[in-house]
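Given below, in the form of structure tokens, are the structures.
Next come two complexes, and both contain subunit A; in the first it sits with subunit B, in the second with subunit C.
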Partner chain A sequence: MSALSNWSWDYDGWIVLAGILCAVAASLPGNFLLLRRMSLLGDAISHAILPGLAVAFLVTGSRSSLPMFLGAVVVGLLTAVFTEWIRNFGEVDEGASMGVVFTTLFALGLVMIVQAADHVDLDPGCVLYGSLETTTFDMVDVAGTEIPRVVLVLAAVTVINLVVVVLFFKELKLSAFDPALATTCGISARLMHYLLMIIVAVTAVASFESVGNILVVAMFVVPPATAYLLTERLRSMIIVSALIAAVSATLGHVSALVVPSWFGYRSTSTSGMMALCAGILFFAVSLFAPQQGVLIRILRRQRLSLRILSEDLIALLYRMDERKSGVVASIGQLRATLLSGGFMSSLLMKQHSRKGHVIATENGYQLTNSGRRLGAELVRSHRLWEQYLVSEGGVAVDRIHGQAEQLEHFTGRELRDRLQQETSAPVLDPHGSPIPPE
Partner chain B sequence: MIPSIVQPSNSLLPLSVRDLTVAWYRKPVIWDVGLDVSPGQLVGVIGPNGAGKSTFLKAIMDLVPRASGRIEIFGQSYKRSRHRVGYVPQRESVDWDFPVSVLDVVTMGLYGKIGWCMPVRRKHREAAQQALERVGIGEFAHRQISQLSGGQQQRTFLARALVQDADLYLMDEPFAAVDAATEKAIVQILREMKQAGKTAIVIHHDLHTVPEYFDSVVLLNMRVVASGPTDVVFTRENLEKTYGGRLTLLDEATEAMRRRERTL
Partner chain C sequence: MRTLGALHSVLAFAASSLTDRSIRWPTWLEWQRVLFLQDYNTRVVMLGTMLLGLAAGMVGSFTLLRRRALMGDALSHATLPGVGLAFLIAPSLGLAEKSLPVLLTGAALSGIAGVVAILYVRNLTRLKEDAALGIVLSVFFGAGIAILSIAQQSVGHSAGLESFIYGKPASMIESDRLLIGCTGILSLLIMGSLFKELTLLCFDEGFAKSRGYPVLLLDLVLMGLVVIVTIIGLQAVGLVLMIALLVIPAAASRFWTQNLKQMILISAAIGGAGGFLGAAMSALFRNLPAGAMIVLVCSALFFVSMMFGTERGVVVRALRRRDLNRSVDHQHLLRGMFELQESRGPKAGIPFSELQTLRSWSSHRLLSEIERCRRRGLVFRDSGQHLSLTSSGMVEASRLVHEHRLWELYLITHADVAPGRVDQSADAIEHVLEPELIAQLEELLLQKRRVQGIAPSPHPVDATEHVS
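Right after this comes the complex of A and B.
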């Protein structure tokens, strides 16, 4: 932790605060971009504002002026307008028209900035990657306290975004979910679209000098995408996304200081690390999310297939027992029919033996009465389904076994009773085997 | 009901459409549609795929630009009578993975009434809950919408239409791919609406159930092939006209126009 020994709240504290404000400000509208499936419009706008910045910069020669801000916001909005035009008149999809508009505007901005670079202090690298590290170089006096200008601007933008999202929560939600209904309710979906575009553009402009206009895209997209995996309500999604954004920013600065020192380097770019941390958080959540995570899904599937195998073992033993009462079957015999793995099969049979469904003997396993009841239920489900598929579904007799084999594992008492009713209480299944009574 | 004479507009008519044409890039989707709908009727809109049925409903609500035509709802423009119109879009038109609860979606029907920037209050949620009970899925109110079956999703939309408490309902295929129980529930609600004096215009695909469900029908295939009381208009001959020929010559002419525009 020697890299953190130089930590100074007067310096690093402001950087972290600037990062947090920027990330939170971007994540708020980002939620709606994500849900409207236009996350890349945030990307497009944050690139396209470049010529707006450049023009305003060339005209006023200053980075802090209001005209520069307005110029960039106007160009940002034009991006949204042009994108829609090109999509309508060029008959191409939104992605392509966005690509045309923002690369063209971005290129224009780049050309202008490079031209201007000789005269003014605005370099392309700073525009692209930002310079959070220089946060404290430009301080403003507010009521006797020295506050970095960047922090002041980002705080204002965060408040604006927060107010818009809270005030128009209902309207933004409806126009994202069902634009047609919104419009028929008198909440113009188009108006809400442009309101969203305005705050996206404002956020992009305010963020460009702190995290840069590429990495702000990460904050528009990644925290909301992470929150989307964790939540089921829009309100909680927005709150969680803001928290994740704040955590990414904090972790970003800390790891920008710490991680390089592990490899013997000095600190690296904070804004880069912020985006990286957000990405890592997303990856971790997509693996470990409690409902939709990859791991839990694999686990659920495994558990289900184990349950099915366990039931198949008992049902098989029941069928063997039908032919020869009190039969003793070895694991090998059971496995040969079910084509199942040896380890899992013996494990599951041991479990059945613990539960008293079977008795383990020297030569194998024998059904107990409770095991016989369990097997009878499964086989009854299976044969009732076969009967149902043939008599009600008109499926050929040689094709029913596979389907019934799946359905039997998801059929409870109630469904069996209904099957029995619908098939008018058969005694034999289509193959001529008896259907065990309930 | 095809207006042979243009009558002076009757303020009691829930819907009156004259010479409505909607075109995409000059290609007409619906063409010269005229229609009068009397109050308290269940009207089925029938026609093949691509006949412009959805476009027709959307044009009534100004959701798509119209090339020409006049539309009056209760004697006024759509803009003025918007609060009296309820819309049930196609189920597939929205993202069912959206992070909202069933109750949220139903409450959305009240957003117009609640007004800009005003919060949703308890009485609104209670009204939404009641509507959910009416369509028989009250117990699912707090589920996320992705956990609903297709029939339950459709009922959610119907509940949302109910809380809107409109006088004219426009429904885009409410019966598409729903289970038998849901179909029955929807028909029941439609009949209750009718008894309350409301009018519903419903896009419908299942020809077998048309005579049972609807008082009158509109047979649509770009233009109105026939419209009127179901027992008069819903005939084999009219159906053949509706499903048989699109206006192929018109299609060809517009295609030629498009080609000309490109070569110029």
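Right after this comes the complex of A and C.
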């Protein structure tokens, strides 16, 4: 932890705070962008503001930030307007029109700056990845406390975004999920769209000035996407995304200090690491999220298929036992019928023997009474379903086995009783096999 | 002291320098030297960027049709961490750190990682395409920035790496051009041999899947092509503007044609022209960065295409709409006059005001249509401002009425529509009936009746019913 020994709250604390504010401010409107499938608009707008900054500066000639700020916000909005314009008049799809607009504006901005800057060795790096590290160089005195200007600006933007999201929550939500319904309800989906664009542009410009583009673009998309995998409700999605944004900002700065030191380098770009941390969090969540996680879903599917196999094994043993009471079946015999894997089959049979459903003998497995009961339940479900499909569903006899084979695994006592009732308590199934009593 | 990053000082300098100098117009000799490729350096750069534009334009057509225009955006950003890592690792492998093959290999590997990440997010989570692209774009770029920032401290001079972000066409050398040319030909070959499959993938993924095409593999091939083109473009225009070459020419060519092969050719031509002219402008005028100029030339071509494209251009479509409106007005006028004359005898002229109440058309629109018909000798206006059909107008109008009533009759007898409601439906379709269809309708409906001339209207014709 030697890299953190230089940690100072006066310096690193402010950087982390600026990062957190930027991340939270961006993730708030980001949720709605994600739901409207316009996540890339954040990226487009934050590239396109470049000519706005340049023109505003060249026209006013002042270093004061307000005209620059407004100029950039206006160009950011124009990106959205032009995109829609080209999409409507030129019938170009959304992604392409966005691509045309923002690359053009960005190129225009580059030309303006370079053209005007003559021989200045321009480092356009500031356009994209800002300098969060210089946060504390520009302090403002507020009520006797020295606060970095960047933190003030970002705090203001965060408050604005929060107010907009809270005030227009219902309207934004409705127009994100169903613009047509929103319009019929008297909410202008168009107006909401532009309101969203305004706060996206304001956030992009404010962040560009202080912490760089890359962080804000990442925070528009990644925390909302992570939250989207964790929850089903918009309200909790917004809260979770803000939390994730804050966590990744904090982790980002710490890892910007720590990780390079593992390889013998000094600290690296904080904004870049913040974006990377958000990405790592996203990846972890996409694997392990309780409902949506990729690994969790694979595990759940695996568990289900194991349960089905284990039930199939017992049911098969029951059917063999039916034909010849007290039959002993080897793993090989069971596998030959079920076409199942050897390892899993023997593992599951061992489990059955542990639970007392079967007795292991030298030649294979034999059902016990409790195993017979289990098998009888499954086979009863299977045959009742077959009877039901034939008598009530009118399915041909040669096509019922497959369906019953699937349904038997999801049929409990209650459903079996209903089936028996509906099929007027048959003794034999359509194939002529006896239906075991409950 | 107020510090707003380097930009402020740059802009401050810009403002002062803009006032005391103006753009110098190049001499004829300079024009000649650049446009006829007489300078070795200029020639390499201009031909190189032109080849790049050609290749990107071709690949871009497919991604555009696949509605993945911004995939190039994500993938070009995704190459950055690879560049940085290659730069850091190369010395330990005993290679020169800034050797282009090493950096490009790194870029390719991390571009492929980006492709995998996009497919992972899109196919295995419930997030949609746009989020997948946004996540890959920002996270990979963030990682790239972090790695570059380390690379900058490890070796004193890593300035060359910056050009991967903003491009530096002027640094292009003969071997770069060869590389671009070879890669362009390679991607052309891949696209040529998989033309049918890629076309199917772009237009109907579900159908391709059902026909047993390996859709995932084809998707990978397409993204691989994007990665290849992006990588060779990194040096020239930089990753931020590389996306423009992938999107703009393809989007522009869409306005000129509906045919995919032609679209690819036009797109390649626009991309090539953008590369050539952009580099030329940059060579002719000082302080115009080539990467940005290439994009701006492409955008200008896009704008021209969008306006004047012969297939889907704004002007063409507006003209087409105007023509359709006029022909509809034409048919409405003649049929309205015919029906009025039919109910009150052929000799009586029709006052203008009565025509106007026939439909909800503005008097200007009606007047100009009357004027057009009068010029064509279909309508005659007497001294009392009453209108009547001339004999040739009568022929034309009776044909239209005939078609209208045929369709009404068809709706009544074959579609069981109530006679009171057929007029509106027939109104909507009569303007687009093909002659073959009319012949079929005649055969179907009029054979038994042997009606000569125009069938009578199946419902009472009344001027007021048209008022809507």
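Following the convention adopted for this analysis, the second predicted complex is superposed on the first by the 373 of 438 C-alpha atoms of A that agree within 3 Å, B and C clash if a C-alpha of one lies under 4 Å from a C-alpha of the other, contacts with A are read in each partner's own complex, and residues count from 1 in each chain.
Definition applied: a residue touches a chain if its C-beta (ideal position, glycine included) is under 8 Å from a C-beta of that chain, and two chains touch if they have at least 3 such contacts.
Since the model is a prediction, treat every value here as computed from it, not as a measurement.
By the touch criterion defined above, A:Y265 reaches subunit C but does not reach subunit B. Judged by the touch definition given at the top, the superposed model places A:I187 against subunit B, while subunit C stays out of reach. In the superposed pair of complexes, A:L317 makes contact with neither subunit B nor subunit C. Of the two partner chains placed by superposition, subunit B and subunit C are both touched by A:Y228. By the touch criterion stated above, A:F168 is placed in contact with subunit B alone, subunit C being left untouched.
Legend: residue contacts after superposition of the two complexes on their common chain; A:A218 is shown touching subunit C, with no touch to subunit B. Within the superposed three-chain model, A:F177 lies in touch with subunit B and out of touch with subunit C [touch as defined at top]. In the superposed pair of complexes, A:M237 makes contact with subunit B only, with no contact to subunit C. By the touch criterion stated above, A:V75 is placed in contact with neither subunit B nor subunit C.
In the superposition on chain A, subunit A positions 37, 91, 228 are in contact with subunit B in one complex as well as with subunit C in the other. For subunit C in complex with subunit A, the touching residues are 1-8, 10-15, 17-18, 21, 23, 64, 67-70, 72-73, 120-121, 124-131, 133-135, 137-150, 153-154, 162, 165-166, 240-241, 243-244, 246-248, 250-251, 254-255, 287-289, 291-293, 295-296, 299, 302, 306, 312, 314. Residue ranges of subunit A in contact with subunit B, taken from their complex: 35, 37, 91, 167-168, 170-171, 173-174, 176-178, 180-187, 228, 231-234, 236-237. Contact residues of subunit B toward subunit A in the complex are 25, 58, 61-63, 82-83, 85, 87, 89, 93-95, 98-101, 104-105, 108-109, 111-112, 114, 116-120, 144, 160.
By the touch rule above, subunit A contacts subunit C in their complex via residues 34, 37-40, 42-43, 47, 53-54, 57-58, 61, 63, 65, 86, 89-93, 95-100, 103-104, 106-108, 110-111, 113-118, 120, 122-131, 134, 137-138, 149, 209, 214-215, 217-218, 220-222, 225, 228-229, 256, 260, 263, 265-266, 268-269, 271-276, 278-279, 282, 286, 292, 294.
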